[in-house]
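Two complexes are shown next, each including subunit A; its partner changes from subunit B in the first to subunit C in the second.
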Partner chain A sequence: MKLKTTTSRLAFTLAETMIALSASSVLLGATLTSSTALQKSFNAIDTYFATHMQQIRIVDYLSRDVKRGLVVTTSADLQTVTITVPNYIIQAGDPEAVANPDLVGTPRNPTMTYTPSGVQVNYGAANSTVVYSINGVSILRTENGNVTTIASSTDQLVPQTTDVELANTEYAKTSITFQPIFTSGGTTAERTGTTVYSTAYLRNKRRG
Partner chain B sequence: MKKPSKLNVRGTTLAETLVGFLLLATFFASVFELNAVCLRYIDATKESVAALQHVQDRAEMLRNLSFADLTSTSSVQTLMAAAPNAAPFAQKAVETVTISAFPTPNGVTKFTRTAAGTVTTDSVATDLGKGLVKVDVQVAWTMTLGGRLRTEQTTNILSNGSKK
Partner chain C sequence: MQVKHSGEEGNALICALCTILIISLIGANVLRNCTTRFNVSSSQVRSWKESLFAAEAGGDIAYAEIRKSVSDPTHVFNGWTNSGAKHTSPVTTFGANNLVTSTVVDAFYTDSSGNPWFRARSRGTAVIRGLSQVGMDDRMGAGARGDSLLRKIDFNTDHFVATYGPNGDGIGKALVPPSSSPYPSITRRIEQISAPITPFEAAIKAAGTFYGLGSAAYIDSFRSSVGPYDPNVKNNPSDPRYIDARSGTVEINTSLATVLGSIFGNLYTNGGTVTKKTASVSGVIDNNVPFSINPLEMPATTTWNYVANPTAVTGNTTIDPPLVNGQPRAGTPGSPNYYLISYFVNNGNLLVNPAVINGTPQDTYVTLAVTGDIGNSTSSQPTITVPANVHLKIYFTGNFQTKAENIINTSGYAGNLQFYAISPTDPSVHQTINLNSGGGSNAGFSAVFYAPSADFTINGAPDITGAIVCKNFYANGNVHWHYDRRLDTEGVAVDYRIVSYVEDIR
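Up next, the complex of A and B:
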């Protein structure tokens, strides 16, 4: 009897397999690392831009209130700003609104008084108080007890405002920073690079 | 007896492998470049916002001057020596302030502040009047993205008077 010969089938040698395995590992590693890095980078860009927009929103809100305010006071840590704003608009419950409900939401006619330093324009005896403060990851604007969240970010948004009094006026200098997602040990320089600056002067004469 | 035929097993050639690598490298290069462009756009946005704040802050400083100081060449020149805010953007921007009587100008007072902080008076108006002036604030800078020249500008009409 003749023994059956084995079919001559070719397979990879161990060396070939090892080389192929090494090459594919390097390729797969590079692909995974690259895609992860890119996803992180895109996420960081997205978050950075979103937080940047929130910085601009805070500046807009704060500048508007400072410009129409009568007096601006900042706390010692520069993170809470209190602004006294005249009641330019007639609101429900105001004497004018009680006398004529149609006047709600309309501009109040100012009165002028003569003082030793000149004419003074007044919009009623009562004023509104607007407070900007930080609560956790949110920046809050509170007007007469009504709270509005004007910005919220996990990137540690920190607005700092300084009020500077001049002879008859006052201005508020604000800088807003945040900590980007990508950091190298959380160094200060990276937070500093995100700073947005703003300056706003009172349009009224400072009272207080 | 028939000799068993050799199996026709073919692998990828070196050329095919290299083309594959080239395609993969091109794909990754494109994606990384896209990422880099996104980062540069962020930087350009930051510059634009800084320019906007620069112009607004300067306008705020000018509108807070008394009318006598606003129409005084030396007062405005002194004011402009200081950057409107602490942003590093001021170190790369050229700022121009133009003041003229409104609505009918009688000459133009123009100041230029260089990136180094030097202020020059380019021209002085014949008369800025006693009531209203038009104040133009312009800032120009070379954009990091593409090296293009960009400008941001605002105009205010300011009246003689004091805060009430």
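Up next, the complex of A and C:
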């Protein structure tokens, strides 16, 4: 049987082309718009969780230092926290390290002192000082002059800490907020909805 | 009919595959991000906190054992690996997430009273579930590390052993897999110091009833390490010793408190109705301070230096230090010369001499364990004489009765003569300590008594420097009682408290 050829019907009419182009444009536009929206949404969510993780990190850093601390003080604006912690590990330059360099990085033996307020256990002649502060978009932890950036975000992370002194102990209440990049109907997401709270008590008897 | 197909079908398949590939790549990237965040927020943060809980649980287990050294010395550290003063706990696995903890306890220090201080180094490990391949969330900024600085996770090797050695002292460093292998884990380490609680933290502490002292009696305080007792200091706020002159605290663990005389210190009762109008108390009155006093057992004597003679106090009995290599042995607070006295006759006179080396008396530490009574009737007049430089502790299982003037502590420091009444094993047995006046109005003594199961009675008006812990307290005379604040660290441990906590954050 002879094959049937349809060469005369392969072309599109102008109307068909225009319809196809229109449909393609709509589909492409929808795809681009939705993918852009998805990308923005994903980016917003990812940033949100990344900042949330930094909130948790700040809280965990603070809790760790408060628990092992001896005294906690906060600044008037509640954004700088100073914690005195035992100097547990021998550092280069410490008297023990000068006498025996092999002791660098090892735990220090405690000494006991009797005071009118009770016995004190000390690690070394002086304690360490840890300061938490805000510098631009970063949260800094400074221990004996050594600065570590523990969180950094363009979402305006704001930690606030208050310390409450009790008879023998003390606790630090921390709340951390940030400004999400979400918008809904032109309204910016509220900072208060991002608050993470934490309370940590001194494990040691408060000094000062 | 055969139909000839055009060649566009292949391109469509390729386009479809490419689309699937692109969507899959996007999906995988999103999934990776989500899993990383989930791993951090759910698994790693949780395990980081749980590992501290585990370490602190290990510390609690160790603390319970340390307290047994006082309350149940025969069973202390049973089931642990003991090597001298070092005790290693078995590994404990507990909780729904199989947390693991272990502790090493060492008696690292002995204080001037001979009480050991314990250091407990505990480690707690929590396994991290989830996909370890995604690692940690360190995305913070260029050149800056995030979580890995805080949460040190052992993925394939134990970072602590590799960097600091198993004991953290730089010895024995090795690349070893984490104990939770093949799962990653987090281990946190804490160090707690347990200090002895000594019994004489107040002038008078009564677990039961209290009556006394007398309408013209008073209780005040001083600190002998600052200066001798001066009766005028408690009324002179400008005196620098004033701060130590008003700590003659009385603690009563019942509501049955008849308080007479003046207390220059605080007064605590458990449910009492004492007020500033009904009692002369310079400090705080708190009628809601319950406490408990454990029965006293004979402490472990393994580190003490047993001396065979004498075995009884009959008539005039003198104890001289034993000779070791021709020199008198003075002993130490943790290793005193230790004598077992099977009986102490009613009118026996005991003299304990210090070790004298090259003509100089040495601080000499002596402990006696007396079976039965030291004086058992009102006619009893046993005498105990402690010269300067002698630190004498007497444990007795029965009653104690004598005249105040017969307790002779030459140094005047109450901590140098300590009496401990071992609690009767039969709770129906009535244990008593009865001190009668004698020798005139100025007669008195310097000593401390720890008798948690004994009724303590003072008749007359002796002048006393010291402290007493007893069951029921009764005094009917105008006693002048001076509590020495230096005593608050004196005496054998009756319990332990944790005084220091530090985390090893390496």
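Methods note: the second predicted complex is superposed on the first by the 166 of 208 C-alpha atoms of A that agree within 3 Å, B and C clash if a C-alpha of one lies under 4 Å from a C-alpha of the other, contacts with A are read in each partner's own complex, and residues count from 1 in each chain.
The rule is short, and it goes like this: a contact is a pair of C-beta atoms (placed from the backbone, for glycine too) under 8 Å apart; a residue touches a chain by one contact, two chains touch by 3 or more.
Computed from a predicted model, the values in this text were never measured in an experiment.
Chemist: Go through the superposed model and pick first if A:Ser34 touches only subunit B, second if only subunit C, both, or neither.
Modeler: Once the two structures are laid over each other on A, A:Ser34 reaches subunit B alone.
Chemist: For A:Thr199, decide between first (touching subunit B), second (touching subunit C), both and neither.
Modeler: first
Chemist: Quick check for you: in the superposed arrangement, does A:Val72 touch first (subunit B), second (subunit C), both or neither?
Modeler: Once the two structures are laid over each other on A, A:Val72 reaches no partner at all.
Chemist: Check whether A:Tyr171 is in contact with subunit B, with subunit C, with both or with neither, and answer first, second, both or neither.
Modeler: In the superposed model, A:Tyr171 contacts subunit B only, not subunit C.
Chemist: Examine A:Ile56 and indicate which partner it touches, taking first as subunit B and second as subunit C; both and neither are also allowed.
Modeler: Both partners, subunit B and subunit C.
Chemist: Between subunit B (first) and subunit C (second), which does A:Val121 come into contact with in this model arrangement: first, second, both, or neither?
Modeler: Both partners, subunit B and subunit C.
Chemist: Name the contact category of A:Ile150: first (subunit B only), second (subunit C only), both, or neither.
Modeler: Touch partner of A:Ile150: subunit C, not subunit B.
Chemist: Output check: A:Val131 vs subunit B and subunit C. Expected answer is one of first, second, both, neither. What do you get?
Modeler: In the superposition, A:Val131 touches no partner, neither subunit B nor subunit C.
Chemist: Counting only touches as set out at the top, which of subunit B and subunit C does A:Phe42 meet: first, second, both, neither?
Modeler: Once the two structures are laid over each other on A, A:Phe42 reaches both partners.
Chemist: Across the two complexes, what residues of subunit A are contacted by subunit B and by subunit C?
Modeler: Dual-contact residues (subunit A): 42, 49, 52, 56, 112, 118-121, 203-205.
Chemist: Considering only the defined contacts, which subunit A positions touch subunit B in the complex?
Modeler: Residues 5, 7-10, 27, 34, 38, 41-42, 45, 48-49, 52, 56, 59, 112, 118-121, 166, 168-169, 171, 173, 175, 195-206 of subunit A touch subunit B in their complex.
Chemist: Quick one: which bits of subunit C touch subunit A in the complex? Just the residue numbers, please.
Modeler: Where subunit C meets subunit A, its residues are 1-2, 4, 30, 33, 37, 40-41, 45, 48-49, 108-109, 111, 117, 119, 137, 139-141, 144, 146-147, 149-151, 164, 168-170, 191, 193, 195, 243, 489, 499-506.
Chemist: Write out the stretch or stretches of subunit B touching subunit A in their complex.
Modeler: Residues 4, 6-7, 9, 24, 28, 31-32, 35, 38-39, 42, 45-46, 49-50, 53, 56-57, 60-61, 63-64, 84-87, 162-164 of subunit B touch subunit A in their complex.
Chemist: Where on subunit A is subunit C touching in the complex?
Modeler: Touch list, subunit A to subunit C: 1, 3-4, 42, 46, 49-50, 52-54, 56-57, 60-61, 64, 67-68, 85-86, 88-89, 102, 105-107, 109-110, 112, 114, 116, 118-121, 123, 138, 148-152, 203-205.
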